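Have a look at these structures, which come just after this line.
In what follows, subunit A forms one complex with subunit B and a second complex with subunit C.
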Partner chain A sequence: MHTSGSRIVRVGTSLAVPVRRRALVQGLAVVAALVAVGIATLTLGGLGIAPERLPAALIDIPGGSEGFVLKRLRGPRFVVAVATGAALGISGALFQTVTRNPLGSPDVIGLTAGAGAGAAAASLLLPGAVSVPAGAMLGAAGATVVVFVSTGRGFSSPSRLIIAGIGVSAMAVAFTQYVVMLQSRDQAAVLHAYLTGSLSARSWQNAAVIGGALAVLLPAAIALGRRLHLIEMGDELADALGGKAEQTRVWSIVVAIALSAAAVSVAGPIAFVSLTAPQITKRLSRTPGANVVLSALTGAFILAAADLCAQQVPVVEDLPVGVLTAGIGGLYLGYLLVREWKKGTV
Partner chain B sequence: MSPRSSLRTHGYAPVHGVAPVRSGTAPANGITGSLAARDVTLAYDGRVVCDGLSVDIPDGEFTAIIGPNGCGKSTLLKSLARILTPTRGQVLLDDRPIRSYGSKQVARRVALLPQSPVAPDAIRVGDLVGRGRYPYHSLWRQWTPDDQDAIDTALALTGTAELSQRYVTELSGGQRRRVWVAMVLAQQAPTLLLDEPTTFLDIAHQYELLELCATLQRDGRTVVAVLHDLNQAARFAGHLVMMKEGRIVAEGPPGEILTAELVEDVFGLRCEIVPDPQSRTPMMVPLVRDFGHEQVAALEDASGALQALDEALHTDQSEPRSRQ
Partner chain C sequence: MLVGSVLLLGAAVLAGLALGSNPIPLPEVIAALSGGGDAYTRTVVESRIPRTLQGLLVGACLALSGVLVQGITRNPLGDPGLLGVNIGASASVVTATAFFGLGGHATIWAALPGAFLAVGVVSLIGSGRGGATPVRLVLAGAVVSAVLSAYIQAMTLSLPDVFGSYRYWVVGSLAGGDTDTLLGVLPFAVAGLVLAVLMAAPLNALALGDTTAATLGANTTAIRIGGMLSATLLCAAATASAGPIAFIGLAVPHIVRALVGNDHRWQVPLGLVLGPVLLLTADVLGRVIARPQEIMVGVVTAFVGAPALLLAVRRMRAGT
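Coming up: the complex of A and B.
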């Protein structure tokens, strides 16, 4: 952490944190890109605020259509996209490090599929009694509990976690498909849009939910990040260095599940962000370990950019953003992987 | 190396019998050490590996733990590093239960290099070694002024300073093992526990690593290594712990405890113990099962000649253990 390309950031005598130059540059670049996406989100299209009027509009929110776009239509949508993307990015970074598996993500332990099944159950079995997002949360919680119990060791054995997760996922997906088949075409289409993950018509209430979750869980994830560096080297070495491998693993999974559950509750099961964001981060920063902050920024960028495309590219009306995250994130990760194969570093 | 008994105390005729099996909780044979196990039972998921084992790790000595596969050597090492909690008994650090220390406190006193640590991908040597500094950090202080010094010293001692900017994944097996040793050295713990540090290394790198261990011990550290090669253990270690089926069968200086009877008892291998012609430490020569009596007799003749040669050498050489 000290010898190659890092500076020690010191505040007084009690705070000293090494920061990598490359990571800092990357972080600032992603923040700049996020700001650009934010400006584009608010200004593009027929309802967009004129770019020259945007600074004034942000300071003093106007009334009329500009105010509506900013306060109701695109403002909360962008904030929800950023916060949800960040939550998914962190969740993926934690899962991938803890399971020592680059495919580790909340999808793998059945959380996303469980959320889908919960949403489906809510819309079919109890229409009106339970809202679809609440059903998704219950489904995610249910799937997590089933996985926790069926491993026999809780969250402490990564390999069992993945196997149990795949089993629970398969059952949840089967149930969801059954429900979609039973429903009328219109209902099925609505449910299907939700199951792919969507950010349309988000409110400040949604933003408060995901923002609140992030405010609590991001510091926790950062605090766990250093111990996760040790887990990467094997549990025995982590323990020998005082890193408490098992405790770190269990807490990381708890934080990751809470983050992705919060994300599911506001945006539905958005695929692929938690899988690709940490991988893209790792490849760009060329540093080992769970880069919590960088993964959060990358996740936020992927989701905000995908949502911008979903709003502005007139291919399909109201395209669910989940379709695009898979497209954008997947393509970029594919490009990075191909580049690495060509260089022979994989 | 520490002073050791002269060749004459360990010819191939057994001088001492098998040391008595230690039992009870009192420290035996007057060994004092800051790290000790007292009557510990060690188990994985209910499967008992060691039952009622006691051992003292002598301070400032190079201790080798030897025994057949699955006899509990690694398990013992893990319990000494506080990674494995005994189901019964105590591991003591300075006469206090090791459980009563904080996990980072223990890590500043006892460092463990496991058998197969995992190198994270895309990590540079300097960064990997830097991770050994974790026990000195906190959430707010992830860097201390001593870090760079500790890392540089660890790199210099293991001869890996020129590798510090290289990726760990592009190193050879021997280099990589030295880098891992550097990482545990950066931990600056007075006691080093190494689990099979020579496994999977070619013969030259094995000796390079053992010499590094000997250097570390000479510099004042306590080194404990699980080794597979009896002759390497006898040659480099000043204290030998022989284990079998979860028990300690014998312990002491190799020259005092290593006998053909002991090796046959522990490994089920018939052998001769002859003096190593260079270092004068006991050397085990296996007797291959198909050897007839004639061959054994011939071997005894040969070893008699060896001893004569050795005695002649001994009178000439004032510094018997120097390698140059």
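Coming up: the complex of A and C.
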């Protein structure tokens, strides 16, 4: 696995991490872009903090309107955007590697659709008693359980998983559309907006939920990502090398589901980040495998940048960020495909 | 197999005519069809004829376009919706409602160009120098769907009136079926059906893989283009007349493959029969379970077809 351009970084005697130069440069570039988006998020617009005052404001949080913007308005919103984007990116990377399908993502196994149906059910059956995000969370969990049961073999068979996911999604989407049609126009519009996925008015509590999920699951995802790399050589060889193919696949999917459920609970079902982030990462870094860290960074960047647009760009202001992720992510993926087509690769 | 399915279809058609908010016993239905019976029964049965015909047409179209798309992309996720047909139709219906104030019958003519445009763009992005590969087609479809659904969401979120009518159309229903709608889409559907029948044997060659197919003398690019054209015609016609009914095109090919295996020369006729069976049964169920209200067929197809698909998944051979 010692390919050209990679170095082994050793910490003590027990930890040795291969670092590819290209991947490192790419990672640093995405981090830089992410910081730039963060600065823009905090400084732009009528309420923005003056750029020259930003460093001081970050160290010693001022009172008044600047403190309000930093502590209540844009600070938590940016943190939630980054963490949610990272969670979605990882989740997509794990799914796509396990299922060996570029369409493999939590959206495909019905989790997002289940969240939508849960939200719809909450707003229709028990308005007030169950909050809409809680309904979404329950729906996501419910859909996952149905998929798990109906494959007959849990999460261990990728192709069964996808087909079962399609079935469950179809039911969930149909139910959601039916509820949207039944409700009064105002209620339907509120539900419709939630189902798009939005980051407006997020609090530090939301940030804590998604941040906590990431803190627990990111190390697990990185470890699994390495083992997934072994599996790509074939199950028997992976088992011989200690890769434990079956077990790795099941746990990868469990982690992926937990991450995207956490993302749904804070931001609603934001489409397309988990689908695009790993694809973009793979095309830029030109490495096979899950690329967990890079996909996380790319996902964070996509979502934060899209949310910046949702706050500042005149035409799309007031639209939920889910509309923009689909638009921006989709166009970029299209651009990459066309570029590859011109170069004649793939 | 085929005979059995045709019998099933006959039963589904009779049920479509007999059942509803006002059920009529079968002997009277047959009497009414042959011109007898009392005037009231005749009126009720006749009012259900266009809807049943529409169900036949839409079901056949959706099922066949599913068979074709799964054949072309060699992907069990294949669904005409995957190549952008439904989303293209939806986007242009939204545009027509927002900017030209169209509604009612005019949505048919709004849906068709959008569907073709979307599939055209998908094929263009999806085909590279070496021709379209399944993965690239699917990815291109995902790109176009994402961009268009963002557009639809943006329009429906900012224009409440558009959302007001769109949310009814998008569920998918046969309730609006009348003879004019049917005649409007019939030419497209027939053209698609004929092309689909012609494509059956070439698709078998494609199933062997591009290289083998080319060695056998098949023109893979021509097969893909023909298949896409046919699938688009079929699915656009269905969507234009009944709204997007997503599940039939996905489920029927799976059921058909479980029954007759991978030969497209059997898959096409069987899909042609089983598609309407599934759709009509779903429509009848929707009319019966919540009487006197109706549940739209788009909702019912999902709840009938999906459990069938889940059962099929359980029965898949071990190791797949």
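For the reader, a short list of remarks on this structure follows.
In this text, the second predicted complex is superposed on the first by the 343 of 346 C-alpha atoms of A that agree within 3 Å, B and C clash if a C-alpha of one lies under 4 Å from a C-alpha of the other, contacts with A are read in each partner's own complex, and residues count from 1 in each chain.
In the analysis below, a residue touches a chain if its C-beta (ideal position, glycine included) is under 8 Å from a C-beta of that chain, and two chains touch if they have at least 3 such contacts.
Here the structure is a predicted model, which means the values were calculated and not measured.
Because the two structures share subunit A, they can be overlaid on it, and in that overlay subunit B and subunit C fit beside each other without clashing. Note on subunit A: of its two partners subunit C and subunit B, the one contacting more of its residues is C. Between subunit B and subunit C, an angle of 80 degrees opens at the CA centre of subunit A in the superposed model, to the nearest 10.
In the superposition on chain A, A:188 makes contact with subunit C only, while subunit B stays out of contact range. In the superposition on chain A, A:236 contacts subunit B only, with no contact to subunit C.
Residue contacts after overlaying the shared chain place A:166 against subunit C, while subunit B stays out of touching range. Once the two complexes are laid over each other on the shared chain, residue contacts for A:212 go to neither subunit B nor subunit C. Contacts of A:272 after superposition on the shared chain: subunit C is touched, whereas subunit B is not. Of the two partner chains placed around the shared chain by superposition, neither subunit B nor subunit C is touched by A:55. Note on the superposed arrangement: subunit B and subunit C approach each other to a least C-alpha distance of 7 Å. In the superposition on chain A, none of the residues of subunit A is touched both by subunit B in one structure and by subunit C in the other.
On the side of subunit A, the complex with subunit C involves touching residues 101-103, 108, 150-152, 157, 159-160, 162-164, 166-168, 170-171, 173-175, 177-178, 180-181, 185, 188-189, 192-193, 196, 271-272, 275, 279, 316, 318-320, 322-324, 326-327, 329-331, 333-334, 337-338, 340-341, 344, 346.
Listed in rising order, the residues of subunit C touching subunit A in the complex are 76-77, 125-130, 133, 135-136, 138-140, 142-147, 149-151, 153-154, 156-158, 160, 163-164, 167-168, 170-171, 246-247, 250, 254, 295-296, 298-299, 301-303, 305-307, 309-310, 312-314, 316, 320.
Residues of subunit A that touch subunit B in their complex: 1-4, 8, 14-18, 100, 223, 226, 229-230, 232-234, 236-237, 239-244, 282, 286-289. Partner subunit A is touched in their complex by these residues of subunit B: 78, 81-83, 102-107, 110-114, 116-124, 126-127, 129-135, 137, 139-144, 147-148, 151, 164-165, 187.
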